[in-house]
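Structures for review follow.
Each of the next two complexes has chain A plus one other chain: chain B in the first, chain C in the second.
Now for the complex of A and B:
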């Protein structure tokens, strides 16, 4: 049997998906990227191969994506994460017309057309405003585990307003809110609102088209998802492992290139 | 030969060297008065001193220009010319002329902005002649037959450039994007005696097939950061045409048949392709872009913006909207000059190319 791998080297996580010739996911892995992208891609690939119960020799084609795509010597080809997230989301949810991908260091809104092809996209600037990194910094400041911050914020009775999406300014705002004994849940809700507003301006510039799918690590944050759904006025599709959608798209492109 | 070596050589030959700021100016008058105009667009410098004189939201064309002066790299020049391109250049002109205490002659050249009326032509002619009269005080009389010759040389340059642009639009050029703009940009300092043979040689040497990849149009002030051209070459993309202020907008002007050299120069200005710095309407700009797209089979337009360039950025949202409505792909990137392509900008360009491939 032929197998295909997609490797997504992100700023925070390196994700690998292995597909068989029939397009089924038979192994995946998510690890921290750390300081060495090449090593991370090799390690994540080994994990995914072990899960799939196959060896490297069984792979026919490998496609790399993500900001570290250039440091994956194993890859036969590379594609941007924009094309890969679009295709991955479309594959899982075929009525997807808009993808909102919020990762560690950037966020993107992608308009998806026929066959999962990118029709238009927008991407945030260099800074961490409106990205997962922003949430990580705030989680650390509030001493809340990353995977609990979303649910906690949903229990807030009220909400404080965070006036800046700049990580540095928002951090000092959070410090003074904590000092004034504002409930953590309310601060969290305000932080989630800030990130959603930032991404919302990107959504508006592209326009919402069809069904919406969220990808990237921040899709695991229920607080962000709920607020985004409120803004959109519709539910958002989210896969149980939203971080691997870029790698899935890459694996699909590997399979397509071979076919 | 580098720009610097060329300037030294011209100086030794007895030419006056003028630093000229963007964008459009009557180069023929300068040539005829034995001046080698050296255009100052994006000198490769680190900005240190200029920030003390300029607000943070001023474009880097102006910042780098001022930096060049402050670092003493214009000390050997014989004068400056500031065309009235935009408020930022105007501001620069007054800083250099009024505040820096420079001993060098500074000249200003004003053009009328659209919508043009009969009086615009009169205004332009007056300013052409006024500039010539002022230059005469520093450089001696203007030889009319020399001016006629220079206007003719200007026509030759334009005609060669047009041929190159046409070859490229129809996919018949083997030169890479980087090579193409390297040659075109030599015109920012070479005199026509040297630029014409360079263009002729390049024309002959680069006849051939263009790369087979998708074609795009670039729009903006100038092809910077240069890395964007390298990246497009690597991705197999043909820049089929451009709408750069520093390139097609001011270089590909229709010919004037006027006998009088001043008339010819004036006609040239009014016939310039639509441009933000002339006050052209969005409709004119769109028609110009569509003409280029149709003529070259381009699938999209990349707006390569200089950060804080107000005239250009003002038009972009409307242009993008209209182009998208007609099914064309667009990408807007903005960066400070000479800062290279960040990882994110790189990804945007690559994703755009994947999208149109």
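Now for the complex of A and C:
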């Protein structure tokens, strides 16, 4: 049987998806990228191969994506994460017309056309506002584990306003809110609101088209998702592992290249 | 509408130095023969400017100012925006901007202004030396920044500033707008007579207006050759070859140069010679060039078989030319100079872009959101969306700056451009 791998080397995590010739996911892995992205891609690939129960020799094609795509010597081809997220989201949710991807160091909104093709897209500018990094910094400041932020914020009775979208300024704003004994849940909700409104301006500039799918690590944050759905006025599709959608798209492109 | 082409001036600093041969890029067609002539003209212009100081009255002029009115007075003109582009291409932007910042100018100020002020404070320039001006001539038809930038220069240099104020065109230009601008021309004549020591000669003005118009029309024809498939030059070439129409406008030399260039380009068209070897896709550029990335970007796109065949920027010096009329020099200049792209409403910009996309058979659009140039960058997201809706032209926005490379992120820009390439290929 032929197998195909997609490797997404992001700023925070490196993700690998292995597909069989029928297009089924038979293995995946998510590890921290760390300081060496070549090593990270090797390790992540080994994990995914082990899960799939196959060897490196069974892979027919490998496609790399993400910021570290250039440092994956194993890859036969490279594609941007924009094309990969669009295709991955389309594959999982075929009525997807809009993809909102909030990753570690950037966020993007993609308009998806027929066959998962990119019609238009926009990305955040050179600033961490509206990215996973923003939440990561705040989680550390508030001493809340990253994966608990969302659920905690859902229990907030009220909400404080975070007026700054700048990560550095928002951090000092959080410091003074903590000093004034504002409940942590309310601050979290305010932070989620801030990230959603930053991303919302990108959504508006591309326009909402068809069903919306969210990808990237931040899609795991229920607090952000709830506020985004509120803004959109519709539910958002989210896969149980939203981080691997880029790698999935890359694996699909590898399979397509072979076909 | 702003400055112009730096690369043509690079020859200056190379005098007496051994230059390393640049490996020819296999994606490009044969180079333009005229480039050598352009280098000669501009090197001479900058060389002469060193001797103009004291011998001739010198004016520093903004790219959109009605310079024809200065010509009858024999005033030598220097364009700080052109000089800024040159500094940008020579990768001196961050250094000169930092000098201005040390003197209290903010990072959000236009980098042409910061480079010019940085040059004023430090004397640093890749052009050898710029002559000290006797006069400053600015028009706010390109932005409001020039008014304050030139006011600062006027304050430091203690010399007169003539500001040609062009009312913004929200809907259409009125008779009172025209007479307001004509009055300004009338008022500046005595100042120009005093600075130059020459009497105003109306006949001469008419002649310069005619020559300026002919040169602009010829520049328009030069650009129009890119309607051919394959286009005989790229917009990156045009960014360089636009220097004379910006900084030698009104002089017979500019007209002569564009006639030579035009015949070379027509020759290429008749023989099917393209600027890039494999022109598969045709693109449009919006906003001022990213001067420090010209070579990289031109190779990147050529490698993809994509050629920029038009730009709102290069077009700005041809667009309103038909209004020029030597029989009504002041009225016609008022109209031509106040209707330029940056002084005109967004609807007219949208219509212009739609027209260029159709006429030049454009497949995709690259929009440079320039941190320096707010009037050019405002509305770009709306224009992008509207063009997508109306013409289904794919486009990409890259955030950068014209000369200050500190505002440029290589990795992010590359990802955006590669995603754009992938989307174009389907």
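A few remarks follow.
In this section, the second predicted complex is superposed on the first by the 259 of 259 C-alpha atoms of A that agree within 3 Å, B and C clash if a C-alpha of one lies under 4 Å from a C-alpha of the other, contacts with A are read in each partner's own complex, and residues count from 1 in each chain.
Simple rule for what comes next: a residue touches a chain if its C-beta (ideal position, glycine included) is under 8 Å from a C-beta of that chain, and two chains touch if they have at least 3 such contacts.
Keep in mind the model is a prediction, meaning the values are calculated, not measured.
With chain A as the common reference, chain B cannot sit beside chain C without a clash. Touch criterion met: A:123 reaches chain B and chain C at once. Within the superposed three-chain model, A:83 lies in touch with chain B and with chain C [touch as defined at top]. In the superposition on chain A, A:177 makes contact with neither chain B nor chain C. By the touch criterion defined above, A:195 lies against neither chain B nor chain C after alignment on the C-alpha atoms of chain A.
Overlaying the two complexes on chain A leaves one chain C stretch of 21-29, 165-173 or 183-191 clashing with chain B, which is 21-29.
When the two complexes are laid over each other on chain A, chain A has residues 67, 79-83, 106, 117-121, 123, 125-126 in contact with both chain B and chain C. The residues of chain A lying in touch with chain B in their complex are 67, 79-83, 106, 117-121, 123-126. Residues of chain C that touch chain A in their complex: 381, 384-385, 388, 394-397, 399, 407, 409, 411-412, 415-416, 418-419, 422-423, 426.
By the touch criterion given at the top, residues 67, 79-83, 106, 117-123, 125-126, 205-207 of chain A touch chain C in their complex.
Every residue of chain B that touches chain A in the complex is listed here, in rising order: 324, 329, 342-344, 347-348, 350-351, 354-355.
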